[in-house]
Amino acid sequence: MATEPQEAPETAVDRELDDAIAARGYVESRVRVRYAETDKMGVVYHANYLVWFEVGRVEFLRAMGLDYSTMERETNVMLAVLEATARYKAPAKYDDELAVRATMTGIRGPIVRFRYSIVRIVDRLVLCEGETVHMALGPDFKRAELPSEYAERFRRLVHEIHGNAAGSGIAKLAGSSEPGANGGELA
Amino acid sequence: MATEPQEAPETAVDRELDDAIAARGYVESRVRVRYAETDKMGVVYHANYLVWFEVGRVEFLRAMGLDYSTMERETNVMLAVLEATARYKAPAKYDDELAVRATMTGIRGPIVRFRYSIVRIVDRLVLCEGETVHMALGPDFKRAELPSEYAERFRRLVHEIHGNAAGSGIAKLAGSSEPGANGGELA
Amino acid sequence: MATEPQEAPETAVDRELDDAIAARGYVESRVRVRYAETDKMGVVYHANYLVWFEVGRVEFLRAMGLDYSTMERETNVMLAVLEATARYKAPAKYDDELAVRATMTGIRGPIVRFRYSIVRIVDRLVLCEGETVHMALGPDFKRAELPSEYAERFRRLVHEIHGNAAGSGIAKLAGSSEPGANGGELA
Amino acid sequence: MATEPQEAPETAVDRELDDAIAARGYVESRVRVRYAETDKMGVVYHANYLVWFEVGRVEFLRAMGLDYSTMERETNVMLAVLEATARYKAPAKYDDELAVRATMTGIRGPIVRFRYSIVRIVDRLVLCEGETVHMALGPDFKRAELPSEYAERFRRLVHEIHGNAAGSGIAKLAGSSEPGANGGELA
């Protein structure tokens, strides 16, 4: 797709995808709560939100035109989880339709950061927020370089989302519990 | 450990282990129901019994002195699941202590069969019974030979458990719901 | 929606929904394989197919205009799993998009039967087939009557799918591995 | 068991149990990594550590003579997770035997805090550390009072573990990665 192969891995298409993400500040995916994900409290077991964060993370990359599966296979680099945090606001219930909003919040060397918000579709209530920190690892589970074509796009995208001061992705994610503020953004 | 290396992979120790299993007819492991394993019905979600079957299967092999993890790593052969069946008799609940009884019921070429019974410790009630069928696969997910040292011991063990007509492992597993019949066997 | 409330729970809309299912023979849902669902073999852990069967089952009911969640809440009856079987043909891999095809195959008293087929979207390969048997249970986990409005529609739908001899849902599900035979049915 | 019923729910036995926990600073449970808990990276999927934290938390309470299952049933109060954090140091692998060390680190009103450390048995390497924050909730998922007999014992135990300055439970957990420092504490 690039006009000058290998030297300009980023294309006009990539740029458009990134701009679309930057404009909104996050990427939104949908999940529906499965019976298997509930527990005897009658609500979703808390560890499952980390699984949904991962769904959101993967779809964030896919919206950039990047395929995490391909990245693992072709570059032999994985983004291992270094740290994960979740704050639970209200319980998701069986069969609820949920929006998983994910945004990249930082990149420094082999470290990449994501932030998430899980929003109940029916009333836009934020059920859970969280962050994950990842490190690029090689097949030996040792620290590795993030492939440069990924690193560059990540850096620029983080900059674009953050630089967009009035409506940064983090602000949008954080403010997503106020229907007034983010009502129009729900797909 | 073998007196004649490579030619007699089975040792007196192996024989003793196998005899112990054959005498009882199965190997018993323990699990305690985790909150994560329950669902909104207030009982264990049905797919988790397959996970416990696997716990039982691995402990069955360990009781033979075989380490499934080592087998996968050293022989590059995995025992992939071809078929799994579970029949649910009564629900396991949160924090229940359970006995997972596993026995090998057949081996033919690359195919190995296991049978299971999940028994509630407190009253010896059988909660679930099931079977799995496995096939030896290579790293390419193509059918492979079961390593001969495993195949031989599996064959003999299946023969010993089955040949022991009056009290075969299958009969013992099947009859495990009658406290009178199997009361004394609970570790 | 009914013209004569309570007496004719089935409406023209219900009939249309059921006819649409009967015509195709099954209901199809989509899932994408999550990282959490893979295991160290690099493919999906076998117990997760039962979770997808449940996704298919719930969407089958939803396609009939029935909401399993509402049924549990309003009638106090749950469809507990009595038996589950899965036959694994080929492994699903991380990020694969899958079609979960579910059909109801029988109803007799409080017992309802479903059949499933998990098909890889990209090449229509059948990865897994299976069945589940369910029993209506009350909140005390004792056998209960299936609410009559559900029972009647289930019976008629099973009859319609089966009676449609040349292209019964079961035949369609079973034959779904031949792209030639079922190619046109993939949404 | 109490000499003055209802007024002194704490007994000599309770005191002994609490003293034993305070002396060590934490309660240790064991888990063995299941195949189902691994992912295609070949190591444990990160969300499963939260499940093990829960195992540790429940065993912490059990070591105090408290049964979380009974507490939920008898007092109608649950300890819902408000926040969970995990920091991953090194990956757990299939079939690894792990120690889950849990300690209570705080109680204020309906809020209870726990800290965890997951240690690989074979070499005492700390694989993961984390915290959870819980809130007492009633059956309506509204904030509730922690039953007073639990609250009192929690408060005293937290005080005893923390007051023991030189060797507080938190210090012990935090320092558990140095075999020299905590070698003797491994059961």
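Just so it is clear, A, B, C and D label the chains in written order, and each chain counts residues from 1 on its own.
Note that a residue touches a chain if its C-beta (ideal position, glycine included) is under 8 Å from a C-beta of that chain, and two chains touch if they have at least 3 such contacts.
A quick map from chain label to UniProt name: A, B, C, D = Acyl-CoA thioester hydrolase.
What you see is a predicted model, and the numbers here were worked out from it, not measured in a lab.
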item	value
Maximum centroid distance from chain D, chain identifier (CA atoms)	C
Computed distance of Cα centres, chain D from chain B, in Å	32
Between chain A and chain B, centroid-to-centroid distance (C-alpha), Å	41
Multi-partner residues of chain A (at least 2 other chains)	35-36, 43, 47, 51, 94
Overall pattern in which the protein chains touch one another (line/ring/star/complete/other)	complete
Sites on chain D touched by chain C in the complex	35-36, 38-40, 42-43, 45, 47, 94
For the chain D and chain A complex, residues of the former touching the latter	41, 43, 46-48, 50-51, 78, 80-88, 91, 141
Residue numbers on chain D that touch chain B, as the complex places them	34-36, 51, 54-55, 58, 67-69, 94-95
